[in-house]
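Below, subunit A partners subunit B and then partners subunit C, in two separate complexes.
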Partner chain A sequence: MSELKKYLEIGSSPHVTSGDSVEVIMRNVFIALLPVCIFAIYSFGAAAALVLATACVSCIATEHVLCKVTSQPSTIGDWSVAITGMLYGLTLPPDLPLWMVAVGGVFAVAVGKFLFGGLGSNAFNPALVGRAFLQAAFPQAMTHWALPLGDTRFVELPNSTLALPFAQPVYDAVTAATPLAAMKFDGIQAVNRDLLFGLTSGSAGETCAVLILVGGAYLVARNMMNWRIPISIFATVAAITWIFNLYAPGSYATPAFMLLSGGLMLGAVFMATDMVASPITNAGCWLYGFLIGSLVVVIRFWGGMPEGVMYAILLANAVSPHIDWFIRPRVFGVGGGTG
Partner chain B sequence: MMLNIVPKDSFQNGVHPPEHKDETSHLAIRRFAFAPQLIVPLSQHLGKPAIAVVREGQEVVRGQTIGEPDGFMSVAMHAPASGVVKRIALAPSISGTMVPSVYLQPFPASSQEVDDGEPCDVATATPDEIITAIQQAGVVGLGGAAFPTHVKLKPPDGKQLDTLIINGVECEPYLTTDHRVMLEQSADIFMGVRYLLRVTGAAEVIIAIEANKRDAERKLTKACPPDLPLSIRVCPVKYPQGAEKLVIKSLLGREIPSGGLPADVNAICVNVATTAEIGRLLPKGRGIQERVITIGGPGIQRKGNYRIPIGTTVRFALKETGAADNVSRVFLGGPMMGPAVSNLDIPITKGTSGITVFTTAETIEATGHKTVYPCIHCARCVEACPLFLNPSYLGLLAKSEEYMQMAEEFHLMDCFECGACSYVCPSHIPLVQYFRLAKKMVRKLNVPA
Partner chain C sequence: MLGKEVSATDDFVKGLWRENPVFVQVLGMCPALAVSNTAINALTMGLATTFVLIMSGMSVSALRNFIPREARIVSYICIIASFVTAVDYVIMAISLELHRSLGAFIALIVVNCLILGRAEAFASKNTVSRATLDALGMGAGFTVALLWIGVVREILGSNSLFGIALFPDAFQTWTVMVLPSGGFFAMAMWLLLVNWLKNRQTESQAQTQELTP
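Our next item is the complex of A and B:
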């Protein structure tokens, strides 16, 4: 060493970091979602692929454009909007007209995320905001379900997919009821292998419980998801359902059916665990999960709709900051713990 | 003597940064050369600066007192080498401020001989005499805090101490000074323990080490005199295990109350190197004129543990140990808490436990040029904070400058800046830096105008 470098870099300690960053976490969530997406396409064919692609593109494009319009550097590089797009697409009926998908995607990012201040500031899960918007705007299209594993699903698109904007979509003759709708309106409960492996009708990504759980387990193993939230939701739903089912088996579903049907798996594992809109303490997460679980049961059993996961999560999102306000970790050396 | 393994959950939370300790832990302590100029700040500790008792141009002998303590919250300073006092003037310090210092030019042939003072015999000295002797020896916490040790040893009135903890945890990555001191200076440590026992009146002594220093555990177990009421406990390797609050929690299960002192839970915690210095210096009436530091990190060619004269400049230390050409970041201590050096001409003081040098590569890999994202509420900081604070929310409050709310409602002042939250933050938010600033602001706001 001849002479030491003239300029030293200074910075605040710590001078090392653990290596994980926001984009790494987001990319892993994306990876965890991939099997679910692939299964959606396998089950519902080209229509599901187009719905997912449209959802992603509309969300990413909206964020990019809004950043440019407001003269900020584009934030699509942090991958968070890609996840929003993918999750949003997975919650939609696979034969939803693509123009509706795009409109909901724009709404999800513009209102659900950007208006609140972007990454880290969204009070609600943006993907669900987009879905809730569609549910309110197009209730009929949002409750029209394609049959899974249709023979022509890879070669032919449903009539509705390419419907013109604002025209009444024309649906194919073949339609199906989701397991939950069959339960609610016809009293039919089907707990079988199809329900577990997702060979039923429903939203594009909600049907295959097994793949959703695999994705969740991957994220939990990488410390990128708080497992307490889905576990708390599952436990709450199972417990409440079990009590009612015991009391009146004819009128109430079984816990297994409640856990495996509808959007519960997808919602509990990938939506409710949105870090930004969920509580920060573990105790808070248990309570938050309990809240979602109870709301899901209440809406499914006594509400007007067959499914309630979306509204349950959105309501719990709204309560999440308050949970954080009231449930705080006991600070070291304050009250109890001494001795 | 009892051997004890502290269970994994010694304290809650914490992090596991890569240790990098085996780079230097096998290297015996070596003496460092005298630099052509030594700068001895009169304030190397928390409290009042010492008063210089030498004149410019005066010749001093190694070990001679050159600064007398100014009141109780102050310690003496000693000449690190025989030489001439060139001037007494301001010198740069790590904090960026200028502090009054003695500039000493060692004689070209300055020997290792040390001027002995008034010995303090552990068998006959009273506790008050030992406290004075520790103050006169200039002893401060060598773990990094540099709090005057004799002040710590005098518990507030009405507090009884039952346990003396000798802290040899050394949880900071890269640092191996306490490790080497335990391996090489066991006799000094046990002598120091005798002094401390006599002062504190504690009934029990526990030496705490981390599980990555089992050789030190074996060495101390073997060397321990049978008459000492001493046990050695092995704590799990977890950062910041070495923090006073967490060592006490781990060993005794006692939580120091928020804003309180170890004496509030009848314990006292002294760093192991500090203990060794007390045991080495007091019997001969000497003062601290050198200390053991680890010079390491990827930017150093001759890494090692060195007994280095106080007042050696960082520049000289790096030259002697062969710093790489692409040095980018130099910090005093380890990478978790060590402050970055902005000026290489600052002297090594009693509180400096090491110099760690990063080259451009590590700086970029670890901290450099990463985008700072908004907080995504991932809760990793909450899971890392050993004091159960909410760094995420504190960070938001700091950004909106709600300093008083941070202190009054969210226990900001308990934060000891261990850096665990910043270490895990995936958004790369400089949380600890926010908190340092906020604490400063709170102290300012709390001082009545």
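Our next item is the complex of A and C:
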């Protein structure tokens, strides 16, 4: 019956599909993110697990409720909102109070995604919209970092994690500085090997550069990510930093430190490559990566904050429709050429 | 409704809800977003704007037959600016601190499009009494709207209302609500709510009209 139906049924185009659907791509992103999540939980313990779970649950619940309120079929089945939730959770400090995680998750999906029209219409990466809101709303909590690999990380939670809703978190005495903050404010540069394998403090998922690169390589191998964007970002950051480091090695960090520290790896591989908010053409992707890379260096070197990957990506997201406007492939059948 | 005499109460009431200057006409956004960071700032700005609205509405309406069409905008601005100057001095006399926190936005009432809009669209075409009622309604609607935004921003952003501390110190303040972006968020939230209520209202009206032939 179904075989017969396949030949008899008349439908509109497209008739030939690549086999990739939103679900398939998102499931692969999930696989690529899994090692990063597992390492985040290994490094920061139960608190990171709770942050990730709360982020996912708040994002998925928001999408489901908003779909119901606007009488649309629920779109949580396509995994995209779960990926948003995971990415959002990975960008947060692991000891952030869970109620703040939930607030940011609701904001990310409601304002960053749903108001623009849902999947495929969001101008900005929703996960970063949620994080940017938290950064503006709760700057103290968003710049408080737990030590990695603490002894009691699996048996007890930091005081701040279970802060009551709308209450200020009370922090344990032990705090840490991210490698970038230590560099900016104290001039201490972390060891590259620690940055590579994630033995530093930072956001839940940003510390281990190797696992992020492995996840990115998996997606590139599956042809589900435009490798030009991260490569362009890395090259730009490395080149600009190299010039400044050569000129004044004492006051500017080394290229390797800049590439491996902070959220650059996570942002370049998983955030900047958001299929909706990045340019369409390959040339556009190179330009987009260059823009993000140079903004990251400018914010890190001369900005007030130690880290600027989030703002760099959000700003470049805003520019990406304009990049698409200026870099357009020749329309078929129009214009010059020897054909 | 057509052909029916517009009642005096309607002139007043329309500014409160149906044609609310902030939530429906979306006029006067500059003060609505910039000085609604606390409830007291919002209230002061609302009252000052209301005063200017009423006085300029009355004057424009009284002078409507003397002002030449070609020079009307200039004349309106002159009238509005003189009342704004008066308001500026009054606020300075009442509280210098308040005057400082409102800053340039008192002087900027002159260019509030709500005031010029009402002068052009209503006061210049109607009698003094109707223009006064209209200005009163619009002013009240503007004040209430600003106050709504200001209350949300002050409670979340500063944990207080009209300068009085609300919750215990453990309350986590939302820094973003004091910043300009918080004005946009609070404004958007209220716009969402008002539009949703308005849609429901229209739908239920349409339903009752269908039911009663």
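Here are some notes:
The rule is short, and it goes like this: the second predicted complex is superposed on the first by the 319 of 339 C-alpha atoms of A that agree within 3 Å, B and C clash if a C-alpha of one lies under 4 Å from a C-alpha of the other, contacts with A are read in each partner's own complex, and residues count from 1 in each chain.
Note that in this section a contact is a pair of C-beta atoms (placed from the backbone, for glycine too) under 8 Å apart; a residue touches a chain by one contact, two chains touch by 3 or more.
Note that the coordinates shown come from a computational prediction; the quantities given were computed from them, not determined experimentally.
Of the two partner chains, subunit B is the only one that A:R330 touches; subunit C does not reach it. Ranking subunit B and subunit C by residues of subunit A touched puts B first.
Once the two complexes are overlaid on the shared chain, A:H15 sits against subunit B while remaining clear of subunit C. Of the two partner chains, neither subunit B nor subunit C is touched by A:R193. Legend: residue contacts after superposition of the two complexes on their common chain; A:S121 is shown touching subunit B, with no touch to subunit C. In the overlay built on the shared chain, the residue A:A137 is in contact with subunit C alone; subunit B does not reach it.
Those residues of subunit A whose C-beta lies close enough to touch subunit C in the complex are 100, 133, 136-139, 141, 163, 166-169. Interface residues of subunit C, counted against subunit A in their complex, comprise 167, 169-172, 174-177, 179, 181. Every residue of subunit B that touches subunit A in the complex is listed here, in rising order: 15, 17-18, 173, 245, 249, 253-260, 265, 315, 318-319, 322-331, 335-342, 344, 356, 358, 363, 366-368, 370-371, 373-380, 382, 386-390, 392-393, 411, 414, 417, 419, 422-428, 430, 432-433, 436. The touching residues of subunit A, when paired with subunit B in their complex, are 1-2, 4-5, 8-18, 20-22, 24-25, 78, 80, 117-121, 223, 226, 275-278, 280-281, 324, 328-334, 337-339.
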